[in-house]
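Presented below are the structures under discussion, each in the form of structure tokens.
Here chain A shows up in two complexes: once beside chain B, once beside chain C.
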Partner chain A sequence: MIYTSETIEQLIEEFAQLPSIGRKTAQRLAMHLLKMPREEVVKFAKAMVDVKDKVRYCSVCFNITESDPCSICSSQKRNRKTICVVEEPNDVIAVEKTHEFNGLYHVLGGALSPLDGIGPEDLKVKELLSRLNDDIDEIILALNPNVEGETTTLYLAKLLKPLSIKTTRIARGLPIGSDLEFADEATLTRALEGRVAL
Partner chain B sequence: MIVETEGVILHGMNYRDTSKIVTVYTKKFGKIKVVAKGVRSQKNKFGSSLEPMTIASIVLYKKEHKDLHLLSKSEIAVVLNRLQENQERMYCGLAVVELVSMVMHDEDGNGKVYELLTESLTAVNAAEKNHVNVLLSFMMKLFGELGFGMNLQKCSVCQKSIDELDVTHAFLRLSDGTMTCSDCTGDLQTNGTKVSGGMLKSLYYLQENEIKQASSLALSSNVKNDLIATLESYLRYHSEGSRTLKSLSLLYSTQ
Partner chain C sequence: MKILNARLHNFRNHSETSFDFAARMNVLLGENGQGKTNALEALSFFCLTKSFYASADATVLMRDREFFEIDGMLESDNGKEFSLRVAYDNAQKSKKFTINNADAEKFSSVIGMFPVVVLSPENNKVTFGAPNDRRKFIDLVISQSSRAYMEDILEYRRVVRQRNTILTEAQGKECGALLTPWNEMLILRGARVIQKRNQFIREFTPYIADTYLRIVGEKETPKIEYAPSVPIEAETTVEEIQSRLAQKLARKYNDELRFRTSLAGPHRDEVLLSLNGMQLKHFASQGQHKTYLVALKVAEFFYLKERCNETPVFLLDDVFSELDENRSQKLLSLVESLGQTFITATGEKMFGGVHWNKQRRKFFIKDGAVVNEAMAA
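And then the complex of A and B:
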């Protein structure tokens, strides 16, 4: 359908550029916006501009933040002896939601993937090393349980070894609520490797 | 059309919210791209079978004249549990996969290449040491399959066989993969890349023996590095668009 308004057409084009939004959805969103009260639309537009203007990366942990250093890095209530290394800012949110971890974070900004041309120089690896000093007791590698995450874990483990700081990784294995009999061989092998004494 | 085949997972790329576009080197159709819906969601029905380096049995809806097909089923076909055990295995396994993804064209089936690929991953998984040799042997054999194999059996000038030759060095001509012994050329660099006698015999060993035997060849790290460099420049000469294997650079950056 071709709209008689160039402005609507333009908005549809913009929406359609967003990830996972096709042209149909873009049309629906544009029409919805047209029906919204003006002040709601202004609020929406402002939120989008603000995210660009105010949000940046923490210069210590590279999480997204509005103040630098971020609230976690500058908090005195956090355990400053432990650093949890993750791939993306979303992973920080996921770990925070557990309320089980009270240390600091380091966001690498991705994982090693030779086939995509992503090497150590493309990640915040140097920056991680520069944070490590005698005050750090433990580094927890919490990377995705896939080949890229595993490649990164092996790489960092080797890099950190000479520093003799305790380095751990989060466990891999079966998701809670799943059935053992439906797990595939690779998953079950990891689960067996990660078994713990009772 | 619903088709079943075996394939090696080369690469995955996130697609939409929960899916992935996966590149697979299949036994029947060569390198193809498939959409795996929901693989990144809680309801993932593919398990871990779509991780790179996995040898999987897959079922797909193959659309004629399309370059993206729909994956309906995938299961691990051969269990290779040790590939992720240490860096050397991981990086060599990834290099094998990277090489195939780099030099093979889309939807150009080659059963022999598939066989070499699975043999190589199995050998990297099984080897206790010298994992890089597996990659080198794979490269030598892949060159042959792709029509630019090296011809190391005898000197291209005096025709003396490699077994009779007792030379300190020889020359490998990049353009046609032929070898000329030092008796025939002296020290003239014009005949190609200079390779030591040891390198020459190692290359011949890796080319002639089964891939699974590659790891039993002991190579000094100097010779190993020289062999990698030689094979990489040979590949660059013959395969347009090929570049240095990133997985290998990663291996050497940590040694």
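And then the complex of A and C:
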């Protein structure tokens, strides 16, 4: 496609690099920016640069933060005896939204996946082990219920076993508000496997 | 279940073709290369979300077109109607599957909803080909009848790919520590796959014996046997399979390093097909191979019908060319009695005794379009 402005073309190229944005959407976004007031655009651009300049990883839990250690790791109100291990910073947000967990987090930065070139060395596993001391009562593994997440769970469980710290994993199974009769077989099978004693 | 109608847009050589199908038999007639099989292929998208021939969606896209689209109405056995639409966009390399205007969030959730049995020359590999071709056959049958199995086999395949990556990259060097977590996963998923396949073969055996008798009508006894990568008996528990897999993995470790690929697990299973106690692939004639395949497929039909609580549609692509007159007629009257069938053929001779009516319709296909009989000639 030919534009009368090279600058616009450049901007479209940049937008099209972003995930889930195709060329058409990129074009729409670029045209929209053109129509926005200058100060709005500057604010937008600044927000993007700030994110790169100010946001970093917490040196304790590896969640994203602006102050190191992050607000969760430095909070005295949190239960410092429990660590919830997740794959990505997004997962911390998801668990936080529940307001049901008051412990600390540890962000691995992914899950084992040789196909994507991710081995144990690429995850913050050593860092997790170094955090463990007598004060820690429980480690909750909250990884994704796919092949990579499950394998990483198995890997961590094995690694943690000799330390004799209580290690749990989040339950998998039926979504709330769903009917048993409409649950698909695969989910139901996993839910049965993960059944708990009453 | 029945396919009531279908519309193909930019699909292979069909730029815009519509079909109103008959409830029982639909015969697609035409010369070679006119687009008969392409139409069957499009129907398989409704049931399998993909083609039974091509592995990549882009290959079924009409040349120089941006996207293809297939839509149609299906009716389940209990009379419920479903409007299905499959759309593929080549620029985004994205495919969308909608049922009654709602997106199917996972393609795997569609498999088994609208069961299908396909009999095409491609299937000849099931009796002639490598173990992999037979594994594919049973995997598709079990997957259509069990969502849990499909999830397990998809996950299992992923584990094997992950493991193979480690073994390839290790270039023959020690990598036991990296493999350990993947071994555990391979054992967990692999054991379930083996157990389910074992159970399936036992359940499937009577179906194949029965259909063989119906088609051949003579004393040829077929047998289908499971030869898993670890020895099992009928009553072996999953835990026991797990421990046998673990032992085998340990034994194979050095070989795996050397060959740089996974050597233990259900991806090395074999399914043995025999006739009168003799291995099919070593001795059977072309016609016997074909008959055996037809019997497998008809057995699949009855198996799926019972397991899915839904009558599968039967797609027969160019099946009659290799069978003798007698077996062809037997097969035709057999599939006629099953449910809705879609048959491609180059000539009408086979269908001499068929009364064309609302239940049985023939379509003449020429150059990617449905034409009337005079034009087809």
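Here, the second predicted complex is superposed on the first by the 185 of 198 C-alpha atoms of A that agree within 3 Å, B and C clash if a C-alpha of one lies under 4 Å from a C-alpha of the other, contacts with A are read in each partner's own complex, and residues count from 1 in each chain.
To be clear about the criterion, a residue touches a chain if its C-beta (ideal position, glycine included) is under 8 Å from a C-beta of that chain, and two chains touch if they have at least 3 such contacts.
Predicted, not measured: the structure shown is a model, and the values here were computed from it.
In this overlay on chain A, chain B clashes with chain C. Residue contacts after overlaying the shared chain place A:37 against neither chain B nor chain C.
Look at A:19: by the touch rule set out above, it reaches chain B but stays clear of chain C. In the superposed pair of complexes, A:186 makes contact with chain B and with chain C alike.
In the superposed pair of complexes, A:162 makes contact with neither chain B nor chain C. Contact with both chain B and chain C is seen for A:114 once the two complexes are overlaid on the shared chain.
Once the two complexes are overlaid on the shared chain, A:152 sits against chain C while remaining clear of chain B. The clash between chain C and chain B in the superposition falls on 167-175, which is one of the stretches 23-31, 77-85, 113-121 or 167-175. Common to the chain B and chain C interfaces on chain A are residues 112, 114-115, 119-120, 146-147, 150-151, 154-155, 158, 184-186, 189.
The touching residues of chain C, counted against chain A in their complex, run 91-92, 109, 146-148, 150-151, 155, 158-159, 161-163, 165-166, 169, 177-178, 180-182, 184-185. Note for the complex: chain A touches chain C at residues 22-23, 112-115, 119-120, 146-148, 150-152, 154-155, 158, 184-186, 188-189. Listing the residues of chain A that touch chain B in their complex gives 19-20, 112, 114-117, 119-120, 146-147, 150-151, 154-155, 158-159, 175, 183-187, 189.
Listing the residues of chain B that touch chain A in their complex gives 10-11, 16-17, 42, 47-49, 51-54, 75-76, 79, 81, 84, 86-87, 90-91, 94-95, 97-98, 101, 245-247, 249-250, 253-254.
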